[in-house]
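See the structures that follow.
Look for subunit A in each of the two complexes below; its partner is subunit B in the first and subunit C in the second.
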Partner chain A sequence: MNFFIDFMGHFLTLGGEKIKMKEGLMWITLFRKKTQLLTGYLLLIPAMVCIFLFILFPMSQTFIYSLFRWDLLGDKVFIGLDNFKFLFKDPFFKRTIINTFLYTILTFLGTFTLSIATALLMQSEMKIIRWARGAIFIPVVVPMAVMGLIWKMLYEPQFGAINQILSFFRIPPQQWLYSGKLALIAVTIFSIWKEFGLYTIILIGGLQKVPNELYEAAKIDGANGFQLFFKITLPSLRPIIFFVTTILMISSFKAFDHIWVMTQGGPGNATSVMVTFIYTRLYDSVGLASAASLVLFLLILTITFVRMKLTREETY
Partner chain B sequence: MKILKRIIIVFIILSIVFFALFPFYIMLKDSFEPYERIVSFDFHLLPDKITYIDNYKEMFINHHILRWLGNSFIVAILAVTGSLILDILAAFALSRLNFPGKNLLFSIILMTLMISIQVIMVPLYLLMIKFNWLDTYTGLIVPIMTSPFAIFLLKQNFMQIPRELDEAALIDGANYINILFKIIIPNSLAAIGTVVVIKFMWVWGDYLWPSLVVKDDLMRTLPVAIAMLRTPTGTVSWDLLTATSVIAVIPIIIIFMYLQKYFVKGITEGAIKG
Partner chain C sequence: MKKLMFFLFLIILSSTLVLGIDISTAEPEGKINLSLWLTPISAEDILHSMVSDFNSSQDKIFVKLSIVDWATGREQIKQAIGGGVGPDMFYLGVGLDQSYIGANALLPLSKAGYTKDDLNLFSPIIAMNEVNGEILALPLYYDSYVLYYRKDILKDYGFIAPPATWDELKNMAKTITEKSNGEIMGFQIKGADDHLNAINLAWQTFLEEAGGHYMDMAILKSTLNTPEGKTALEYMVSFYNEGISKLGPSAVAGFREGKVAMFEFAQNQIIYEKFISDANMKGKWAVAVCPKGSVSGGSYSGGQGVAISSKTKYPEACGTFLKYFSRPENMLVWMKGAYGIPTYDLSKISKDKKVLAENFMAQDKENWDAILKQLSLSTSYPMVEQRYGYSARWDAQKRYLIEALMGEITVEKALENIDNEVNQSISK
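And now, the complex of A and B:
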């Protein structure tokens, strides 16, 4: 390196005094480049080691394990794509996929409807409304598994508060988490409760950006509330709604904590979703669990790419 | 007519707030009641005796609640500290220094945003077995210490600080570490605060990872420990569960009340980008 600088220096001094200054500058820049390079790598190494060891390496392992049959104790046996073939023939996994999508769609519909309604009602900056916004955000920050257990108690058919409240309205008690039909809906209601505050806040942020003149103009033209909502509010919120949709889908695909503590995927396979499936098969079949992980990864990847493509179109 | 409309709107808002807070009320109420009263058929909105604190006493005397609480705090605080050190350094290098391969490394970090723990938990669990990290704090903390999302968020914030500031400092003879501590960190406290609260919330509330790593009762974090509470006959012991849940929920609600804006900013940004 020093030789190189000397050489370049000789080359540059040919032009006289002015170049000497340039030589000095070059020394400084070269020195700075070198320290930048060293400091840069030095500062990045710890984080990169963690990322490689605990994210990228396991990710590559997921691909590899999905091609093997392995029950943790015995030997690994290479079986090609048999794990995937088995998964797509397995009625339990089929039900898991259906449940995952059903859960995603129901959570999306419920959360979105409740969030947009709440956002429309809670736009004002009055102190009480600000408190209300804080209150509906509390479910978002508390531990999912803990509140899942509290809701399990609320859902108890014998003494749970939900059946008790329903009986005031003369609705007969339901089995909720113990019923094959209602369990998935019960789990969905919980996730709506847990997440709607978050999406309300995001949507309020979007609503505040809709120019007021649009509403004024439409009102002068005699539009009513419904028309204002469907012709102005919803179209102006398009990018945000699109964001919210993809986020909700990805987080629903990854749902685990609350479902596990409430039903463990049961009764039967009524609430079995992707992650509970992986979690239960982890101990008896690493290969199958890895293959299912890849299916989950593929789902997340698809949504992410659709989002990237559509956001790009939005911006241009 | 206008007043009627107002009343209806207020009523709807109140019912939404009621829907959000009702489970917390039941949790709090039941934590002051004996098991027989919780599972009784007659519905009541107030505990018989607010001074009934046997559930809490029982937890402190006969269960390892202090240990679990301590575990939760140790894991959350160390994971946050680790994230602060590793992610700030990485974000600083990515936003302020020039070196070959920088863009490649940054794209790798961006890519890992898509890989969530649910997708890699199988090999990660096997890795913990190989490292002998099951039932250890190392296993609970180190794998979740760095988060690509935090690096990304911090980098975006660091980029907004004008570069002229570091140029001036460099001419005055400062080195890069001075720049990081004197210019970058003081100018991005909001972003750092966001990373701290959101990471604390994630780790404090996580169930999936600690439930995989921990099998030993003494190493459990609160969410995992709460999910394990059973009466001697094997049914869920709701009296102890509600009392412990109150203890698990209170710290995060207190932090939320004081640092509300960081939570909202962090979670909404986390949701949008992660």
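And now, the complex of A and C:
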């Protein structure tokens, strides 16, 4: 394309007068700019098609289905906002919202605290520390559902390893996944263990970018460990912390696979979260499941938006 | 080095693509091609072999079998049919599902070449698959809940026969748990352990034994929160309240290890858990009729079957395949593969085929006598009633019944919540 434009430009300058040549070059530049623009749009098309097919289209279908009554097999019947009205009256749905928030808060606090503490400990470039960084990342790469099944066996009340370990410390065996009080905590512990490695690596990357001179200068001024952490480390890490906490929050809201393999939302309703609600309703009432999906989407969007507003200067 | 890596990548990618192509079941031209989706109702190689035998015997029909897993298979089938791309024939549990019936998704067998004489060969409980006089799915074999008991443990604690009533079950279980200081659980409810879905089957057993009903069919409302429903659930809860049983420990694993003396579950565990072939278990266990409740000795009875899609273009061909797949000679396949109870009325089929079943049962007479006796005590009404709001009930029961067993909710509240969720599902 560029060769063609150059060739035409050369041809015009050879054949025309000075004014015509200037005009000709202007048209060629315009043509080149438009062509580049067109090329850009053409290259964007595959990505746009993917976004449309896998994000926008399913979202619009979800919205449409939420206005219907449909059990997957029979006819779709338009019922307006009845699905939403039912959701906000349904005690089980309300319970799943509470469980989702509880799970998110616990996972968020636990994962973030553990990640930043581990990142601070693992800043060194010693060989053993580098090996340890790899080791903490191993749980991240194993599929959630697979690890969930393994931890389910670990939590087994009679023969599980966790109760065996507790017995060494003379702690009585716990019911874990079979206790209404402990099941959500048990699932959260697993989730923290599984994911903290990823956020630790991200935070280590951020920590390594903090200039050492800042710490040296602060130490010369007499700053202690706490002051170094709160006055230098945390402020320097603000953009990364914002990214990490946002991703962590969103993924916690969407938690499903490990909860399903470990407890299927039970015992009772103890670990039922919004996504398990959506899954269990999907094959019986597509409309209700779609409405719940939309509620979840709006919840996450609202929280993320509020967060962004409150921490405006932390955005990239 | 970069070139080498690139070529390696290309090789791996190509291999993945080639391995992903399914060439083993290329559909032959000139034949009617039918698709069949089944859950592993028997060993997969046996199912493929049966289909392969059929295909070899046919000039005009070819059936392609796909096995879908138990965990998500039913949803996959429903999704495919709902999307209009479902198979010609598919797995459907005995008892049917109202959402299929309501959507007219099932082809009556009479339209697939089944005559009244053909259907009369089956035992009367084929009525579990009947709607308005039409059989909508063919049962391949039946399952029935039975009481698994450890003869050796019962003997150690002074019991020579399994319990025959609820009171006897409770007393025996309590004695065993107390005298063993909790080392051995006298009785564990399947579903209060690692097999969460099984609570639905256990519940059906106790509910039927208490004379309860899932639905008031006259007004199509869920009716678990009734005196009978409360009797059943209170009985179940009492095992945990009184410390006889504990939530969590596996009934099957505990049974095998001698930590659980009794549990109730489907007869197919005899094969699936290899109790029958495990040398360590020889002589230590047996099955019995479920202890009789306040009203009846019935229990969960269901089974596995195949339905024909109403959208199939080849109903007669589907019928031909089904007749082959479910023929009396194949009774042994289901019996050997899952201890499946024959669906035929043995008194109506030819003697040579009847003898096949009888000879197999004779090898384990004690257990087969109990299984057949249990099936004769069960009724079909629970399976028919459960069709309504099936998925909602299945999920709600799993949650609220367990909450009741944990003592986190009253019996009445648990049943009321289940009724509410089921009624909401039916009324949508």
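Methods note: the second predicted complex is superposed on the first by the 246 of 316 C-alpha atoms of A that agree within 3 Å, B and C clash if a C-alpha of one lies under 4 Å from a C-alpha of the other, contacts with A are read in each partner's own complex, and residues count from 1 in each chain.
Definition applied: a contact is a pair of C-beta atoms (placed from the backbone, for glycine too) under 8 Å apart; a residue touches a chain by one contact, two chains touch by 3 or more.
Values in this document were obtained by computation on a predicted structure and should not be read as measured data.
Legend: residue contacts after superposition of the two complexes on their common chain; A:F101 is shown touching neither subunit B nor subunit C.
Of the two partner chains placed by superposition, A:F84 touches none, neither subunit B nor subunit C.
In the superposed pair of complexes, A:F242 makes contact with neither subunit B nor subunit C. Of the two partner chains placed around the shared chain by superposition, neither subunit B nor subunit C is touched by A:Y215. Of the two partner chains, both subunit B and subunit C are touched by A:Q158. Once the two complexes are overlaid on the shared chain, A:Q175 sits against subunit C while remaining clear of subunit B. After overlaying the two complexes on the shared chain, residue contacts for A:G266 are found with subunit C alone; subunit B is out of touch. Among subunit B and subunit C, the chain that touches a larger number of residues in subunit A is B.
Shared contact residues on subunit A (touching subunit B in one structure, subunit C in the other): 72, 152, 156, 158, 282. Partner subunit A is touched in their complex by these residues of subunit C: 74-75, 78-79, 81-82, 99-100, 102-103, 105, 194, 196-197, 246-250, 254, 259, 389-392, 395, 398-400, 402-403, 406, 408-409, 417, 421, 424-425, 428.
Interface residues of subunit B, counted against subunit A in their complex, comprise 9, 12-13, 16-17, 19-24, 26-27, 30, 38-41, 43, 85-87, 89-90, 92-94, 97-100, 102, 105, 108-109, 112, 114-116, 118-127, 142-146, 148, 151, 170, 175-176, 201, 204-208, 211-212, 222-224, 226-227, 236, 238, 241-242, 245, 248-249, 252-253, 256-257, 260, 263-264, 267-268, 271-272. By the touch criterion given at the top, residues 32-33, 35-37, 39-41, 43-44, 46-48, 50-51, 53-59, 61-62, 65, 72, 114, 118, 121-122, 129, 132, 134-147, 149-154, 156, 158-159, 161, 164, 193, 197-198, 201-202, 205, 243, 247, 251, 254, 256-257, 260-261, 274-275, 278-279, 282, 286, 289-290, 293-294, 296-297, 300-301, 304 of subunit A touch subunit B in their complex. Contact residues on subunit A toward subunit C in their complex (touch as defined above): 69, 71-75, 86, 90-92, 152, 156-158, 175-180, 263-269, 272, 280, 282-285, 287-288.
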